[in-house]
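Each structure below is given as C-alpha cells.
In the two complexes below, subunit A is the common chain; its partner is subunit B in one and subunit C in the other.
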Partner chain A sequence: MEQLIIFLILIAVGYTAGTINEKKHYKAIEAREQAFLIMPAVTFWKASMTNAVILKAELVSGNAVIAVDYFKQFLAGLRKIFGGPVRSYESLLDRARREAILRMKEAAGNASIIVNVRIETSTIGQSGRRQNATCVEAIAYGTALTIER
Partner chain B sequence: MKYTPRLPRINDNVTPGSPVREFLVLMGGVLGLILGIYIILGLMVDFAVPRISLETEQRIAGYFSRLTDTAEKHSTRVAYLQTLTDQLKARCAPLPYEVKVNVSENQGTNAVALPGGAIIVFSGLLEKMTSENELAFVLSHELGHFHHRDHLRAMGRGLVLMVLAAFLFGSDSSTGDLLSQFIGITELGFSRIQEKRADEFGVSVVSCFYGHMTGSTDFFEKIKQSEDPSRFGRYFTSHPELEERIRHILDYGREKAYSFGCLKPLPEQAEHRIKVSTSIDEPQPTLSKPRN
Partner chain C sequence: MAKTFKLVFEGKLTGTNPLEEVKQNLAAVLKKTPAAMDQLFADVPVVIKTAADDATAAKYEAAFKKAGAVIQLIEMKRRSDIAAGGMILTNVETVPGATIVEHFGLVAGNTIRAKHVGRDIMASLKNLIGGELKGYTELLKESREQAVERMANQARQLGANAIVNVRFSTSSVAQGAAELYAYGTAVRVE
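Let's turn to the complex of A and B:
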C-alpha cells in the first residue's frame, strides 16, 4: 500500500514537473533557434565554394543531457507491452538534439556556417539491472567555417 | 530570389496528443489483461486444488520445510498445542492430514496453515490467549483451512501472480512490482471468503468439542482492542474487519443453534508455560512471575 502511494506521488510529481520543464525548455529552444537562424548548420561535408575565402575552420561541438521523468518512463514501460511509437520519449530526444545543436552554434561564435554536422545520441545513467533509460544524451558536432564576405 | 531562413511551423518529431490519455488507455489495457488472465488462472487453480493428492502435497510441503525447521520443536507449549489439536481433529474435525503444530517466536498475533499439514502459531498470539476455548478456535480455524485446502489455493494463486508479473515485465521491474502489488490487494478480497469459511469451520469444531461455542470470538475481541483500526480502511485489511467476522461467527452460531457455556481455563501449568518457551528437558521453575 505504501508503495502504491509512493508510486502515485512519483507519477504526479513526474508529470507536473516534467510538463512544466518541457514547456519552459521548448520556449527557450525556440527563441534561441530564432536568434541563430543566420548561422545554418548543414550536413554537407563537401561543397564547392569557388569564390569564398575561408578565414577559419574549427571543430565545434555541443551536447545536452536530458533526464526522463518518472511519468514518461512508466508510460514507455507500458508502451513496451503493446508496441507502437513511444511518444513519451519523442519530445525527450527532440529536446536533447535541438539543445545540443544550439549549444554547438553557441560554441561557434561568429562563424558563418557549420558544415558536416553529425548528431549522436546515447543513454547514460542506467541504474543497476533495470534496462530503462534514465537520461538521454545528444551530442552535435561539426566544422564551423568563417567565410569572408 | 533571396532565401530567407525560417523555423519549421510544426514539430514533426513529436507526436501531438495528451500523454495522460495514453497513460489511462494503456494502464486500463494492462490491468484488464492481467485481471483477465489472473481470473482464468485462478479458476484453474481452484479446479486443480481438490484434485491434488495428499502425496503430491507432501512433496510440495518439502519446499516449506525451511519455515517449519526454524520453529521450536520440543517444548511444553508445542506438546500442549499438539495434544489439543490432535484431540480436536480426532473428535470433531476428521482430516486426512497428520497435523503438526509448531510455535514460532514472533510478536505477530497470527497463525498460519502450511502445505503438508503444518500449523505455525506465533508466540505473540499465544501470549494473548486466556482460555482453552479461545485457543481451540484458533487451531480449528487453521484446521478449517486444511479442510478447504485453502493453503494450496493461496499458494497456487500467489504463484500465478508471480509468474504473470515476471512474464510481462521481467523478473526485476518496478512496473511489475507495482502491478503485482495491485493484484495482491485484490487477492486479499479472495482470501476474505476463505477466512469466513474457516471461521465457520472453527466455530463448528469448537461447539462440537466443548458442547458450546463460547470463547470463539474472544480472540477477535482482543485484537480489536489492541490493534488500531487499519490505517487504510476497509479495502486493505486482509482479515475481514474484525467486527464483521465476530458478527458472522455469532450469526452462524445462532443459525446452527450452538449453545453458550463456561470457558475452560488453560491448564494450570500450561498457563505460564504456553507463554514462555521452555524445553521439556529443562526443570520447570516453581514460581513464575505474573505477566503484565
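Let's turn to the complex of A and C:
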C-alpha cells in the first residue's frame, strides 16, 4: 500500500513538473527560433554558394541533454507492453534537437548561414537499477559562413 | 558571439591637441588626478581595460579621440578559437573561400568521460521532473572540445592548417561512461 502511494505521488509530481517544464521550454524555443529566422541552417551546402564571397568559415556546434520525467517513463513503460508509437518520448527528442540547433546558431555569432548541418542523438543510460530512466543528448553541428553582402 | 577587447594606450596622440591639453582631457575622462597622467604617458603601454565588450570599447575609443589621444583595441581571442589553435575547421568538403593545396589524410581525436556521483544524483532527481541536465550538457561539450583539440594537435604535427569534413560521434563504452570522437581530413589551404 505504501509503495503504491509513493508511486502515485511520483507520478503526480512527474506529471505536473514535467508538463510545466515542457511548456516553458517550448515557449522559450519558439521565441528564440523566431529571433534566429535571419540565420538559416541548411543540410546541404553547394547550392547556396553560387557567387557569394565567403569571408569566414568555421565549425560550430551546440548540444543539449534533456531528461524524461517520471510520468512519461511510466507511459513509455505501458507502451512497451502493447507496442505502438511512444508519443511521450517524441517531444523529448524534439526538444533536445531544437535546443541543440538553437545553441549552434547562438555559437555562430553573426554568421550569415550555417551549411551542412548534421544532427546526432545519443542516449546516456543511467547506471544501476533504473534502466528505464533515460536522458538523450542531441548535438547539432555545421559550418557557419560569413558572406559578404 | 560578441567580441571582447583589451584596451591599450600606447601614448599616441591624434595630433589635434597639444600634449598638456590631452593630459588634462584624459584626466577628466578617466576621473584621475593629473599626476596619474604621467604614468599613462610613461614609456610602456598601459592597459586601460582588460575585457571590454563592443559597446564599452566604442565608448572608450570615442572618449579618447575627443580628448585627442588614440587608444588601441586589441581583440581578445575566444577560448574556443584558442583551443583549435588557429586551425580552420569545417564539416564540408573544402574550406569555403580558400583552396586546398595539400591533403594529409585522416586525423582523429577522442576522449572518454565518466560522470561523477554528484551529477548522477542530480540526474536521477531530474529524471523525476524532467528537463535539461545542465551538468551533462556542459560535461559533454567540454569533452567534445577536448576531442577536437586532440584532433587539431594531430593535424598540426602533420603540418596542416585546416581540417575539413569534420564528423562527431558518440558511443557509450561502459555503463556511465561515454566516448566522444571527432575525425576529419587534415589539409593545407591557401
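Basically, the second predicted complex is superposed on the first by the 141 of 149 C-alpha atoms of A that agree within 3 Å, B and C clash if a C-alpha of one lies under 4 Å from a C-alpha of the other, contacts with A are read in each partner's own complex, and residues count from 1 in each chain.
The criterion applied here is as follows: a residue touches a chain if its C-beta (ideal position, glycine included) is under 8 Å from a C-beta of that chain, and two chains touch if they have at least 3 such contacts.
Keep in mind that what you see is a predicted model, and the values were worked out from it rather than measured.
Once the two complexes are overlaid through subunit A, subunit B and subunit C fit side by side, free of any clash as defined at the top of the document.
When both complexes are overlaid on chain A, the residue A:4 reaches subunit B alone and has no touch with subunit C.
By the document's definition of touching, of the two partners only subunit C reaches A:45; subunit B does not. In the superposition on chain A, A:85 makes contact with subunit B only, while subunit C stays out of contact range. With both structures placed on the common chain, the touch criterion links A:55 to subunit C but leaves subunit B unconnected.
Within the superposed three-chain model, A:66 lies in touch with subunit C and out of touch with subunit B [touch as defined at top].
Seen from the CA centre of subunit A, the centres of subunit B and subunit C span an angle of about 130°, rounded to a multiple of 10.
Judged by the touch definition given at the top, the superposed model places A:30 against subunit B, while subunit C stays out of reach. Number of subunit A residues touched is higher for C, counting subunit B against subunit C.
Following the chain A superposition, subunit B and subunit C show a smallest Cα-Cα distance of 14 angstrom.
In the three-chain superposition model, subunit A touches both subunit B and subunit C at residues 72, 130.
For subunit A in complex with subunit B, the residues that touch the partner chain are 1, 3-4, 7, 15, 30, 33-34, 37-38, 40, 71-72, 74-75, 77-79, 81-82, 85, 87-88, 90-91, 93-94, 129-131.
Residue ranges of subunit A in contact with subunit C, taken from their complex: 10, 13-14, 17-18, 21-22, 25, 45, 49, 53-59, 61, 63-70, 72-73, 92, 99, 106-107, 109, 115-116, 118, 120, 122-127, 130, 133-135, 137, 139, 141-143, 145. The part of subunit C that touches subunit A in the complex is made up of residues 1-2, 80, 88-92, 95-98, 115, 120, 123-124, 126-133, 136-137, 140-141, 144, 166-172, 175-176, 178.
Residues 5-7, 11, 13-15, 17, 19-20, 22-23, 26-27, 29-30, 168-170, 172-175, 177-178, 181-182, 185, 232, 236 of subunit B are the ones touching subunit A in the complex.
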